[in-house]
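For reference, chains read A, B and C in written order, and residue numbers begin at 1 within each chain.
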Amino acid sequence: MAASQSILGRAGIVLALVVFVFAATGPIVWLLLSSVLQQQALTSIPPDLSPSSFTLANYLEVFSSAAQLGRAIINSLIVATFTTALAIILGAPAAYALARLEIKHAGTILLMVLAAQMFPAIVIAIPLFITASKLGLIDTKLLLILVYLSFNLPIVIWVLRGFFMGLPLGLERAARVDGASPLQTFLRIVLPISLPSLFAAAIFAFIEAWNEFFFALIMTRQTAQTVPLAISAFAGQYQTMFGQMMAAAAISVAPIILLTILLRNTILRGFADGMLKG
Amino acid sequence: MPSIELIDINKLYGAVHVCKGINLTIADREFVTLLGSSGCGKTTTLNMIAGLDDPTSGDILMDGRRVNDLEPVGRDVAMVFQNYALYPHMTVAGNMGFNLRLRNFSPAEIHERVGAAASALDLSHVLDRYPNQLSGGQQQRVAIGRAIVRHPKVFLFDEPFSNLDAALRNRMRAEVKELHLRLGVTSIFVTHDQEEALSISDRVAIMRDGSVEQFGTPEDVYANPETVEVARFIGTPQVEILECVIDRSNESNTILRCGSASLPITARQAVALGARTEKILVTIRPEYVTIGGQGTSAIIRDVQPIGPSTLVNLGWKGGAIMARLNGIVRLTVGKTAHFSIDPIQLMFFDKESGRRIKTKS
Amino acid sequence: MAEATRALPLGTGHRTRHARVAPLFLAPALIVLALLLAYPVLYSIWLSLTDASLSAGQLDTPFSGLDNYRQLIGDKSVSAALLNTLYFTVVEVIGVVVLGLLTALLLNHPMASWSGFRVFLLLPWAIAPVANAVLWKWIYHSNYGILNSLLLQLGLIDQNVTWLGDPFRALNMVLLVDIWKSTPFIAILFLAALQNIPKTLYRAARVDGASTFEAFRFITLPSLNTAIAIAVILQTIWSLRVFDLIFVLTKGGPADGTVVMNFLAYRVTFNFLKFGYGAALANVIFLASLLLSIIYVRLMNPGAPRGR
């Protein structure tokens, strides 16, 4: 068994790994490649990959032609940051309460929190749109910051609850015997040792907010346009400027990719907290 | 004025009756151990005394006042946990001073108290370290220090030494005992190790299945066990229990029939045992069994030299008997030996209830 | 009661019961969620019972009872969308679960222990669905897209295919994109489950003489039962949410071939401005998701009692 494992088996695994890497990264690599290739290179068949075809003109075009993209990036940054911060501030104590403090109907509340993550945005979008119109909040960053809480808050609660449930009980007991109230225990003992998980939850919330399209589509016009909207508009407008379309997409995608690579361990641990603890 | 009283404490988790009608009176400055194997309810009882858990029914009094509704800090108790439970993000000094900071003590006072406790526990040189930089023994001492610093009315220990190796455990026992002598604070200690309980306590409460089997001094529970379970649980090595019937066929010499053999008993014991015809349980502490010379013959089943003594397990027609001999005695397994006992040291128990049949006045 | 019980005067020795504090921890989040979720859901139910329309900034909501739902049942575009949704969901779930499992098995192999592989897995998950859609629109481009180029070079086709030109083919191409994007998360789920299987089980199986395939069938698969069930439910729920992709790639075309329920609800509400009907459609989707969520929770907590 060990012998047949070695050659045929190992070759198979290597082949499978190659296919995997190609499948997983191929499209993204092509995205980045296309963004730095000239139009002629992209429209020749097959695409011309000789060194002379490479250029940064696409990026320059994107930034200069669409002032939207620069402003969209700022909008996305502001919205994502603030909604994440709010989600953490509201969600961490809630997650702690659900994990550790005795709550009646905790099971039902958890179900609601979970269900909230699950249903399609259209369900709440229509009423929220109507209400926001009446309040004059359409096309404001504030609206997006608040509306995004509808999915960010459940994510934060879910991930943090899983983490809090995994903490050893002894610490909180010792704090209680030392005379700390539940609030003091939470602020001075639990939170300081939860930083990695808080971080992971924040990253998830940030990424979801940055990538969000549907709410932004219905609830913004020009002023509060976010990056995904700008990309979509750009793609609609410059349907034939392939390089520039890819450059625009790349700009949206690059910060997230960077975040993911740099914080991969935190993210993977966050997955574990949210996923396996039920 | 008794320091702590437990009156009819019952605790149910759902349908599981963990603590069944516990009554204990612990005197001021006493060192009491709750002893028993896992599941007997000792940790649950400790948690209720601490205020971490509420009894389903019953009262807990401290210094005469009912404290059922008070949080641990309101009862002025400090606790040392089995897994140390040190705050990983605080230094040793931070851990020890946490309670004082919560109570708004002045930094000067905190510094003084922490310093005093640290030097008492030989921790002065690690005050700035974090728990994960300390050895197990040091961490446990920090946990004790955290409790001392508060000058509480009661110390509670929840199996604090189970995670330490044997040598360290013995040293910590001595330290705790010495601390108790010096500070004189009422202490309640939970353990499953009967040797530990006997060595450090003023009184021991042996718990089984949610109730207290016996509550007495170490000498008491050793020499005068009130139930056969206590007799079995206390003492190393564990005694062997024989099943015997009283034989009064010879009026002038009542004896015990055990299996196909017999044991002599004194006249007074015969009277105390009364008119019983059913089987009773009989045992004797190993140190009262002597080997050699005349006496009943038995087969040597097992020999364990443990340094200062040798434990011999004998197989006899009446059952099994443990003997403890001084020093290292070379005996061969399988050979025959002769043993004799001093009947006065026999202990008798009712087979049904397990209760001791008193034969001494 | 013993005589010595003197109840303590109130105020001494703070008894802060957790029960009193817990609601304060939870309340802010719950209030926000109630406003953002519960209230809209209720509003949506009411809306669906009206013939709401938005004109000149005014919302008229004449009551119409169950008319919208009756219309829904007979509407051909709804049944078409339902069919598309069903096809899309079933194929996607099967595709993602199978591919995810294979990927997880691959990455669980000792030869694949380099952490970089896991990062590659995270990349499709991380990029914005819109950016992803734009990318694949380019990949699928009939004249200059790389897919056609590659297939032409490899000799698998002899002329350019208009991938998004035929309704059914377009639906499948959209499926392909979403499967590519969704597999990583499920793969990570399976990977975690695989790593929870004690290695000693496999050693024991080897000692017992089991082949690799037998070990897979009798140890790995049974241990993954729950994970597979969870993956199926989760992916089903997510398949119902696909929107960005369809909006950018096909806008529902060609010939409504890529219109799924979610997209239909959007179009009805925000393109045709029939808010009541749109709400009814949305509620149907909501119901389906809710049921699936309940099943999910039951799966995660097999014996959990309702409430505590």
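One rule holds in what follows: a residue touches a chain if its C-beta (ideal position, glycine included) is under 8 Å from a C-beta of that chain, and two chains touch if they have at least 3 such contacts.
Nothing here was measured: the structure is a model prediction, and the numbers come from that model.
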**Message:** What's the farthest chain from subunit C if centres are computed as the mean of the Cα atoms?
**Reply:** B
**Asked** A-B versus A-C: which has more C-beta pairs touching?
**Response** A-C
**Asked** Using CA atom averages as chain centres, what separation in Å is found between subunit A and subunit B?
**Response** 57
**Prompt:** For subunit A and subunit C, what's the span in angstrom between their mean Cα positions?
**Reply:** 15
**Asked** Which residues does subunit C have that touch at least 2 chains other than itself?
**Response** 14, 16
**Request:** Check each residue of subunit A and list the ones that touch at least two other chains.
**Result:** none
**Prompt:** If you look at subunit B, which of its residues touch at least two other chains?
**Reply:** 71, 73
**Asked** If you look only at subunit A, which of its residues touch subunit C in the complex?
**Response** 1, 5, 10, 13-14, 16-17, 20-21, 23-25, 27-28, 30-31, 34, 42-43, 45-47, 90-91, 93-94, 96-98, 101-116, 118-128, 130-131, 133, 146-147, 149-150, 153-154, 157, 181-183, 186, 207, 210-211, 213-214, 217-218, 227-229, 231-232, 235, 242, 245-246, 248-250, 252-253, 256-257, 259-261, 264, 267-268, 271-272, 275-276, 278
**Message:** Under the stated contact criterion, what part of subunit B meets subunit A in this complex?
**Reply:** 50, 52, 71-73, 77-79, 81-89, 98-99, 102-103, 146, 150
**Fill in**
Note: in the complex, subunit C contacts subunit A through residues 14, 16, 18-19, 21-23, 25-26, 28-30, 32-33, 36-41, 43-44, 47, 54, 57, 59, 103, 106-107, 109, 111-112, 115, 117-124, 126-131, 134-139, 141, 143-144, 146, 149, 152-153, 180, 184, 188-189, 192, 196, 206, 211-212, 237, 240-241, 243-244, 247-248, 262, 265-266, 269-270, 275, 278-279, 281-283, 285-286, 289-290, 292-294, 296-297, 300-301, 304-308
**Request:** Would you pull the subunit A residues touching subunit B in the complex into a rising list?
**Result:** 168, 170-171, 173-180, 184, 189, 192-193
